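Okay, so subunit A shows up in both of these, paired with subunit B first and subunit C after.
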Partner chain A sequence: MSIDTAPTRSTSRPASRPSAEDSPSHTRARRSRRSERWVIILLLAPTVLGMGIFTLLPIVGSLALAFFEWDLITAPEFAGLDNFIALGADATVRTAFLNTIVFVVVAVVLQLALAVFLAVMVQSRMPVWLRLFFRSTFFFPLVLSAASVSIFMRYMFNEQFGVVNWLLGTVGIAQVPWLTTSTGAAAVVIFVFVWQNFGFSFLILLGGIAAVPQELYEAAEIDGARGWKAFKNVTLPLISPSLLVASVTAMITALQVFDQPYVLTRGGPGDSTRSAVMVVFEAAFQRLEFGLASAAGLVLMALIMLITWIQFRLSRRFVFYQ
Partner chain B sequence: MTTLPSTSEQAAPRAASESAPASPARRPPTRRRRRLRLPSPSRAAALLFMGLAALMVLGPVMWTLSTSLRAPAESFDLPPHFLPLSPDLTAYTEVFAQIDVIRLVTNSALVTALIAGGQMITAAMAGYVFARLPFRGSGLLFALVLATMMIPVQVTIVPVFMLIRGMGLADTLLALIIPAVPTAFGTFLMRQHFLNLPGDYAEAASLDGAGPWRIFFSVYLPLAAPGMAIVGILAFNYHWNEFFRPLVLTSSQENFTLPLGLVSLQGNLGTGSISVVLAGVILSMIPALIVFLFGQRYLREGLTAGAGK
Partner chain C sequence: MPHPSTTRSITRRTLLGTGGLAAAGATVAAWPRLTGSDIPGRGEDVLRVAIQGTTQDAAARQDLADAFMAENPDIPVQFEAIQSADWGGFFTKILTMVASGTAPDVVYLATEGAQLFAERLAEPLDEWITSEAPQMVDYFQDVHPALVEAFMYQGSLYALPLDFNAANMYLNRNALQQAGLDFPAPDWGVDEFEEMLRTMQAQSAANFVPYYWTNRLFGGIVPWLYANDTSILTEERFDGGDWLWDTFYTPEKTSSRRGGYRWTGSNVSSDRVHQTFERLRGWVADDLSVRPEEGGGNALVGLFGSSRIGATPAGGYWAQGLHEAGMSPDAFDVQYFPQWRTQRHQFGTAGYSILRSSTRKEQAWRWLSFTARKEAMETAFPTPSTTPTRRSMVDDAFYSETGPHNWKVFYDTLDQFPTSGPIPAPPQQAEVENALARNVASGMGGGPAQLDAALERLDRELTAAMEKAA
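Take a look at the complex of A and B:
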């Protein structure tokens, strides 16, 4: 980061002052320095003020709110740690956070495995148009809205008239109650999430694979390593930095999952697909328990930071930087 | 904050994939197309697997399109259609009759366009200062801006909702627009962009008597267009499809955005007439499809730009 110019400028100023005090070029320089300060202030103002008001202030507000009980109507009441205790005591909340963690593990593992597989396979010899077709196709779900995708997937996984069960029926599999059983609903939420997001991991890994020098494969081939062996011993260590990025971004996105379970199942059946963000949403905007909602949001943020930190810690052992 | 990627590093793989592998003799090794060589039986398996994956992606979209083109009464019929043969447009006229599609589209377009435009301008402004006009503490301030990227929307949504209420903007489109304009990621991208422009232009312009304002507006801002395009397309892609914030911050039908309107059309029990709801879904995909066809490169570049972080 280049903050070095400011100190240099201030140290050079006294030296040049005595001789250049009256010279017109110096006054112009000083005037332009003064107007430069205004340029800096005015150009930064929208972003810095906007973030101060709509991100930093709210995060401080959230921290404070978590220790109060407030429904917007009566006066806020200091509650100490009551909100956090209430979160821990609430079976629905516990289930939702547990669901989220299980969801993150399964969805991210599936998403990364699929993305690595496809990113490697798309490198094999094929006509250019075909490679472009595959790359565009895997990328395509990223431009759709999670809500729209969940809308049509909800019809597709309908037990009686859904196209998925019809397809399964053609190979003799009996109707699966996708959205009405806990495991079925969880499987659908995971599928829909991975369907939409694997393209992002795919893109990141594609960049990583493109940066692996061809010579290494040639050298590996001379040593008798091809296919799977070359992948395990050459590709995998060399793309490990991209894999870390793909995994961190996928986990952060997955921990915040909301649109898919909200549209597909509304968290049901029971609490089986309720996510942590759904808890925040329902506490705040359906039950008007703003303090509790803030506490739940903070727990979620702590969880996100913890998991990200763990990944970076673990990465020291597994990630190989060239 | 950790070291940030320079755009030149990101441009390298792209340059590599676009240049022909023709004459490897004197080319530096970074210029060649690299490939993991697979033996031919596994190449066939790889093609088959990729074909299957592509089918899994395109199948649901094709089903959605062709079902939206069936008469509403037939939309429950099995076997399903995957190819839009003998299209019937009743569902499309129906969706206009059942919900105020024009209102939803206008709302979504207005919100998305103003956020994208606002982000492009403010990110260019802030990114320029962080790249070209360093001041004491600017590094720290930039790190702080980047740090806000780690804070999820859901954690700040309760206080944001209260702020919006306090400002008297509850249940308005401005409630969606204003908080979304300041962008940490956009500022980061624009800073990268300005760092890659030569500093000589500023010197030359100031020798010609241009002040810092002129240097920004007449010299650097016009050169920032490609970076601003990335910021704008990313903002479009995110906010056109956004669901959570509109769900929280708007409450009356007339302020709904498209995704919200479609979810409410499908209803709690998912009983809305399939082909009518799907016609709405297809309509909502059209702008995204246009971005996909014409702005895919910008979008790819923007989405992976943070990847080196």
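Take a look at the complex of A and C:
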């Protein structure tokens, strides 16, 4: 057996000659890459740390706490699955989660329909200043505090003294018990939520509509598609990615609804406007059942993840990417 | 050719260095905030006193703290104002402070949280009161024993009540006049009250509401239940308390006093409870009364002040509120709550309590005994924004500017109706209030069948709540 000791091009280089990798330019590039890596780490560090401390740790803590009984004062006691069993057995909890799902369906559909309608209207021909005015106006409720808006709306929808019933009265409509009947209270909570949140969906969809090439409308027009037909066959497919983003964010926000029902109705009358997050809040901060609250929070988180996953799965069929 | 200075770019190293320095500087500057050491009283050797309210409320009590510190220069006092929508929210925040190891030394405690705190957090005052009995005689002789018993739990006292409010009935004199009605007599009954509402309704404008009430433990349905000689919870008394009654009160005044209220279970299945709910539901159905909203009452002063409400239950705290809303003393007045089977009233009281976790208990007691003195209470309550628990402070001069003319009912409620009782607030108060509020709202919004369903559910929920360990 002979061993080929001849130098090969790839492995053997004269020691005295610097390789291309050892050349000053390559060393600089390597240093630069290392330096860039540090820059990336440095820039990401605050976010990663923040997410770790303020998001990940609480999630892990909440996950653990869901299996304990803890009242803030005495030491936590391991409870196994008791908190989850208690959640399932509690009629109020079941009602609250059901309310939340119904609320999400109604509120998100209304919010997206309103946002699409207004975005199309605003994107149609109108003076630039008017468009700017509508953009700002529709987005404005979103920057207000939900609690402040709800307090204000509570006065507006007061049965005896509210301005809404006063206005209805001027056209001969009898006083409506907005906040003291199940249907009225649910309607007001949905209205206030949609009014305050549609601005975000509106902005996303406005961007989507603005990005639709004008030529497509012109081509559609030549083919006889105008108005609703053009919207259905051109606008809607092309804004479907924006619609997906808007629906996912709207759905997640709606599943976490708290401020509006808490301030407007405290979840009442009865449990008719009690939401899932209210269950979490009441268990933790009214009854000091932090284990149960964590369990409810985890169930809600699982529900949000499930619905978001379903949305993304469905998006494969309905979302059109150019 | 461009000027050299305009073409000079900032190197990445400079940018990172500046950024790092800025981040370090910001961290150093924000360190007190990040560690929470800038929270008033935190880490300082001061007596921390938590009150429900805003920083303005804390500032308003500074005179009291200054007077105390002038007398006790070795005990600096720091108020911590805790904002919350109601007492329940306040107690939860205190509990959160306890859990985080930053509990105050003293808490201004109300009836709503008295038993919860007594059960878990508060220090009994018995030994201090007993050892300083001669100095405490003046206080107890001036304070009605019903108020003191409201802060007793299992025979021990957990706070010295400083202010209270009984649910009396405020009446709008303009509404009465418009309806051609006289101001009712002290022994008026529930039928007379209902008749008054019907007359007001018949004579008033469309947006007028004869009776306004809020859906909560104080001033909601509970005073009507008390007047009908019943309650949502079965009420008993703890044994004990003789150490206090025998020392400070004469036997005839305290023969019925024991060691505090003991609520043992749901009483909602009682016929009287059903009767009371049904009567109020009837008023709602007949538009004599509003459907009560949960946690409502924010607009109440303004609505009453503008004569859009005929009657509403409230305590002495309303005198100042109506005055500030611009209501003349001649435009309203107050009467005892109407009689049903009894004329038992509901009241709530408040006072300072020492936390068990405090390391300054002796200093805290000095604060408690100081604030119970008459001159200290006069500093603390310069206006009738509440009713002081010292009878000697509740006089004509106190209400001269605000009214009402019939202010005597505020304190006389306790003398005339000594069976008057505190808000039913067991250690499970939060669950009790929650269950009551939502089922009242549900029961008042429909017909008799809906009310029956709401009461059945209230009974179940209260039973479950009371079976839970506190």
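As a convention for this text, the second predicted complex is superposed on the first by the 272 of 322 C-alpha atoms of A that agree within 3 Å, B and C clash if a C-alpha of one lies under 4 Å from a C-alpha of the other, contacts with A are read in each partner's own complex, and residues count from 1 in each chain.
By our rule, a residue touches a chain if its C-beta (ideal position, glycine included) is under 8 Å from a C-beta of that chain, and two chains touch if they have at least 3 such contacts.
This structure is a prediction, so every number in the text was calculated from the model and none was measured.
Undergrad: So, on subunit A, is it clash or fit between subunit B and subunit C?
TA: clash
Undergrad: Considering only touches as defined above, state whether A:L81 meets subunit B (first), subunit C (second), both or neither.
TA: Neither partner.
Undergrad: Is the number of subunit A residues in contact higher for subunit B or for subunit C?
TA: B
Undergrad: Applying the touch criterion given at the start, work out whether A:P177 contacts subunit B, subunit C, both or neither, answering first, second, both or neither.
TA: second
Undergrad: So, does A:F140 touch the first partner subunit B, the second partner subunit C, both, or neither?
TA: Only subunit B is touched by A:F140; subunit C is not.
Undergrad: For A:V109, select first, second, both or neither according to whether it touches subunit B, subunit C, the two together, or no partner.
TA: Once the two structures are laid over each other on A, A:V109 reaches no partner at all.
Undergrad: Regarding the shared-chain residue A:L98, is it in contact with subunit B (first), subunit C (second), both, or neither?
TA: Neither partner.
Undergrad: Quick one: is A:R266 in contact with subunit B, with subunit C, with both, or with neither? Answer first, second, both or neither.
TA: both
Undergrad: Give the one stretch of subunit C, out of 289-297, 307-315, 361-369 or 397-405, that collides with subunit B after superposing.
TA: Residues of subunit C that run into subunit B: 289-297.
Undergrad: Can you give me the overlap between the subunit B contact set and the subunit C contact set on subunit A?
TA: The overlap between the subunit B and subunit C interfaces on subunit A comprises residues 35, 39, 46, 72, 151, 154-155, 158, 161, 166, 266, 285.
Undergrad: Taking the touch rule as given, give the residues of subunit A at its contact with subunit C in the complex, in rising order.
TA: Spelled out, the residues of subunit A in touch with subunit C are 35, 39, 42, 46, 72-73, 151, 154-155, 158-161, 166, 169, 177, 179-182, 265-272, 282, 285-288.
Undergrad: Within the complex, which stretch of subunit B touches subunit A?
TA: So the residues of subunit B in touch with subunit A come to 1, 4, 10, 12-13, 16-17, 29-30, 32, 34-39, 42-43, 46-47, 49-50, 53-54, 56-58, 60-61, 63-64, 67, 76, 78-80, 121-123, 125-126, 128-129, 133-139, 141-143, 145, 148, 150-163, 178-179, 181-184, 187, 206, 211-213, 216, 237, 240-244, 247-248, 258-260, 262-263, 266, 268, 270, 274, 277-278, 281, 284-285, 288-289, 291-292, 296, 299-300, 303-304, 306-309.
Undergrad: Looking at the complex, which residues from subunit A come into contact with subunit B?
TA: Residue positions touching the partner: 1-7, 32, 35-37, 39-40, 43-44, 46-51, 53-59, 61-62, 65, 72, 114, 117-118, 120-126, 133-134, 136-148, 151-156, 158, 161, 163, 166, 195, 200, 203-204, 207, 209-215, 217, 221, 226-227, 230-231, 234-235, 242, 245-246, 249, 252, 255-256, 258-259, 262-263, 266, 277, 280-281, 284-285, 290, 293-294, 297-298, 300-301, 304-305, 308.
Undergrad: Mind pulling up the subunit C residues that touch subunit A in the complex?
TA: 12, 16, 23, 88-89, 92, 95-96, 98-99, 120-121, 206-207, 209, 215, 290-295, 298-299, 303, 308, 430-431, 434, 437-439, 441-442, 444-445, 454, 457
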